[in-house]
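Both complexes shown next keep chain A, but they swap its partner, so chain B is in the first and chain C is in the second.
Moving on, here comes the complex of A and B:
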């Protein structure tokens, strides 16, 4: 095997140390690695250099707890045609689509090189969203339903095109890209570290902690900054707080979608307590401003810790009460059970991550497979459920909230409220000529940031992967054969990110 | 029975007075720049500001650009401070420039309120939200403005599902090129008279995305903006108080 394998997360290697294979060899190596079910593609992307493209593939080995890196190079010629990996390993579909869209590279045998996000710097600007030909089926018995980009609720934009037979969904095509802000380019162009930190908080504002933690890991490993235990503990408390807040908010939203208003309002109020605790800690309900490289401006003080513990206990007690009620009501179960199913086989095939994977019986959790910071101290045991339906995704949230509260209580014991954490580091010198990768388990799932530095240590390439990038396909599969009226419920049960996908 | 006991624990959740509620001390609201800040100090603040929100003479923070990261205040403690005053919405873009030595409360400028707003929307205002590159934090805060805690519905202010039912739009996000057409169509679908509210720093100025080639902010040049709600994201109380002031609620 020609590759470089690392057991660290985050981790950085010399760019020249990543083996360059010819494409045949690359192809068969991917094939060989993907035969193992617990391996999955963390990221596969192309970087444009002066006269060639470098394609870097990052494979995560969950059981071995390692990251495998290898690459291939193609000179910039008029038309580059490569044999697509997608027909044999479907989870590459979206990575190949992204590369095709950005650089005009053709993957022969790819079933559908549909643009991912209509990026401003895409290869073919002749291709615009408005004239996109949606997948259609010729039949007098079928009809199409288009929804979005502007939706009925206050959510982000995206277009959903259903092909239905009566009330039943045969096919759902998801069209994204409306949220594209050119964020990866900005990571390279904005010179200050603080600008990059704020960008990372804005990739997906609902995952401000998750993404900024992932970004910070990258900067710290490139800058050679060590993280002390108490800082790491505080960060993980923040990450788990974010998870608790969103999971409880999602429990509320799932109740909304089935018309159970009592469940909605009780959970909404509980989410408020959690995010207000985050605000008490750092002045922002989403934790913006909290995570910075090398330290933090907002150490956990004794008073905050006491308040935090009290609020957590209060929320937990009430959350368990209301969820016990929710999951025992037949009218709720009737809407949750067997709806929007994603099987384990499908989850494996599409390379699902995070909640979407774990609710279909696939044990995939960075906190366990590639632990970072304080997760290294005790092996984390992820929650997995088997059925893959809306019920599983709702129940998973409930159980993960319990797990997160336990993690926080363990970490709080380590902290005594004495401020030992220093302020952030300004502009550390980054390792030159390096490739760095950082993985974090945000509340949706696996977040992956990678960066490449030039010989002066400046970031010349930045790549963000939100878990939604894998998981949108899970939603498309989940609604097949379902009533179209169950779509909002299915959509909410995944709660995927539009801006995380569109970047 | 079980529901009753949950209901009892749930208790009263609404914030009784949305005008006077207090936030936690670390909340970053209206900034205050000390009158004696030197030109040199202002220069330092300007140089570290990630979004060029600070200008030097006189030292001024533009909270329409500010992402409330607090870096300037960490760098110059005692000179720049973000207070917990969340009432920072304004209908005059100029008023969002907070100058050194200025500790005035930020309030709506009555002279700028269009006649139609006071005559039509005082008792009921239905809004359509359009996220145009928003990162979902501002969107979640707008959702929260109508939740069981903030409950702006008590004043007849509500988000509605269709632009045809709305009296105006609330834009979040820096307005991506890919969303610019849908934004225009949505706005055109709202019957007149109608208002435009920009919620969040990204919408007001582009925020951290300023200068990105993936944006298209032409829409904003075509119409009068009725309300600017700063914040990253704007707090529900900032939004609600701004709207209440705009429609002339006492």
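Moving on, here comes the complex of A and C:
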């Protein structure tokens, strides 16, 4: 058997059940699977055991709604050289870079084997931020513009190196890693479940619910906890609330970047109503503390439900009015249309996920392809747009907000303000010797958490993948051939996470 | 001298009015009218941080920028009253005094060696260059129409009476408002509120200025608004009115000018940077229309 296929999300398998191939076989297996367009790499990482590395590859099959797992092992020798997958399947580039950085494994033929985030325990401590090997062109006409890591606005640190011909961008290189906090290591070191839950909420501050939901799914599948429907519905409501809040906030931010004040202030006000509703529910505007394994501290009461419905209707009415105005205004359309284009072919090659993929016509949505929780009950139909420009990404946000509101209204009907939901489980006994994977569609896209447990059921390896990890490449491609002054707008239209990438 | 006093007086309220209008239109209360000036006064009390890579040009640039604007104000007539220095073709000196200030401002920005400021300087130079023809064609038209060459006499003889001069007057006011917006780095060409280095034009050029120097530049910018407002007032105000009436209307025009800027900035998005040259070139063509109209008018007079 060359691979193991599972249709559940989240799901756990015995670590020993994941087939171990030799590298040749592994390579051809990846090649074979990636020939199918609807397959993409969910995660590919290496785990260090006592005497060997184990490389685990998780491929998501969107059409068949399954997750395919396989691995290969490599004894620890001084220098490990492996043939790189990147030249034929580009979406593996960042995963191979990460493995190379962490374990000093050389992928021969990889065109771009540069550090990803300068992890604290990286293989070569000689690699530091100051000597990052930037791509450069020796030319009289071209000039380089470096932006960041300290920016004029309040955004996270990241360095962008442009090679420009006048105002036109020829190439953009993005160097991140400034936000590296060692999240994955902390997941292993922190003994208590509550610590892990709080950690998962802090992976990316704007996706607190998305990441904690993904983490909780992982713990529940490892701990063998069944979640009841009403709890599951509440979680989906929280996730969709987060999506609505961020999408509306991004609509405001897009208006800010093109200097359209009216659109900005109206959307900002609407976002406040949404996050205040979350606060009313669980005491935190970003939903921290809301999602815990096995139960909840904050069941949805009747009063909250009524208030929630009222707020949603109000926000929706006003949001539709303002977006109608935004998307029919010539000065706005002049800035949005045909800017920052990512083609379907590019999206496929880089393995784009989430909004970035859907705005380029690539139907890739975990809620549809690997449904979890209440999405299992009725099939979710993701929004896709074809053009792949800033307009598409803005429009996608508007349409996804509408879709999310519909989802929430459907789920609210199932709930009756039943507050007898059990409180969270403190320390569930995790299944020993297992590998677990959990996927969630956060507002930005597919979030993937994986964990490996040892014989006593302790987590010995934890891997987080934020959608930004795939999608930063989309931004770099989007600004090619664009004006450099449109970069901030392109950047905002993706709104990728720096800390989610840096972990 | 009356223009200088009035212009400084208007400049005190001008930025405040714009901010207030924008705040009210976005549903907020907004800061007090004097808040921009309180900020500038605060900056005046601070020292400047000057980068070691810069030369003396960086330090004198803000001073020259402000002083050219102050001298330009002395060149401006008040409706019906001559300016301090009233001579033939003084509008050419006016245009190039402002250009001199801008020139130093630009090379001051280039002096820092920052790639952003180079880009900003590049853009600013291009836009001033494109806006210049509009300004001169406009004044050429007015000179042709009135047969006079100094600003005082041009405005004295140019009166909006009769439908043909009304057309020229409207075009002139429109062009002056737009040039005022471009030269002061407002929408739709530039966005004074932006926080994104790569899209900035004027703002990026002042990134390295701080404290006292920054205060000089901001004072200059506020005065520049009053300067263009004065030109507009000169076109609109009939000289036959009493002086107090003219002063009142002058102030009213300035307030309306500021309000128009606030409204324009609230309800539209900024232009794509590549489209700006096209937009500014349009102003020149509109000025050309005025020029052709006035040619027609004159040939009518001859016949």
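Assume the second predicted complex is superposed on the first by the 501 of 503 C-alpha atoms of A that agree within 3 Å, B and C clash if a C-alpha of one lies under 4 Å from a C-alpha of the other, contacts with A are read in each partner's own complex, and residues count from 1 in each chain.
Heads up, the rule we're going with is that a residue touches a chain if its C-beta (ideal position, glycine included) is under 8 Å from a C-beta of that chain, and two chains touch if they have at least 3 such contacts.
Computed from a prediction, not measured in an experiment: that's the story for all the values here.
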Side-by-side fit of chain B and chain C on chain A, or clash: fit
Touched partner set for A:472, first chain B, second chain C, both or neither: neither
Looking only at contacts as defined up top, I'd like to know whether chain B or chain C touches more of chain A. B
I'd like to know which partner A:153 touches here: chain B for first, chain C for second, both or neither. both
Touched partner set for A:435, first chain B, second chain C, both or neither: neither
In the superposed arrangement, which partner chain does A:145 touch: chain B (first), chain C (second), both, or neither? second
Could you look at A:335 and tell me whether it touches chain B, chain C, both or neither (first, second, both, neither)? second
When the shared chain A is used to line up the two structures, what angle, as a multiple of 10 degrees, is there at the CA centre of chain A toward chain B and chain C? 60
In the overlay, answer first, second, both or neither for which of chain B and chain C A:258 touches. second
First (chain B), second (chain C), both or neither touched by A:130: first
In the overlaid three-chain picture, which partner chain does A:319 touch, first (chain B) or second (chain C), both, or neither? neither
Looking at A:70 after the superposition, I want to know if it touches chain B, chain C, both of them or none. Which is it: first, second, both, neither? neither
Just how close are chain B and chain C at their nearest CA atoms in the overlay, in Å? 5
Intersected contact list for chain A, partners chain B and chain C 152-154, 262, 265, 269
In the complex of these two chains, what residues of chain C are touching chain A? 22, 25-28, 115-116, 119, 187-188, 191, 193-199, 207, 265-275
In the complex of these two chains, what residues of chain A are touching chain B? 117-121, 129-130, 149-150, 152-157, 177-183, 185-186, 190, 192, 194-195, 198-199, 202-206, 208, 249, 262, 265-266, 268-269, 272, 276, 279-286, 288-289, 297-298, 318, 321-322, 324-325, 423, 497-499, 502
Touching chain A in the complex, chain B uses residues 2-3, 5-7, 9-10, 13, 23-24, 26-28, 48, 50-51, 67-71, 74, 82, 128-144, 147-149, 159, 161-163, 173-174, 176-179, 181-182, 186, 202, 207-209, 212-215, 232-233, 235
Contact footprint of chain C on chain A as seen in their complex: 143-147, 151-154, 167, 255, 257-265, 269, 329, 331-332, 334-335, 339, 483-489
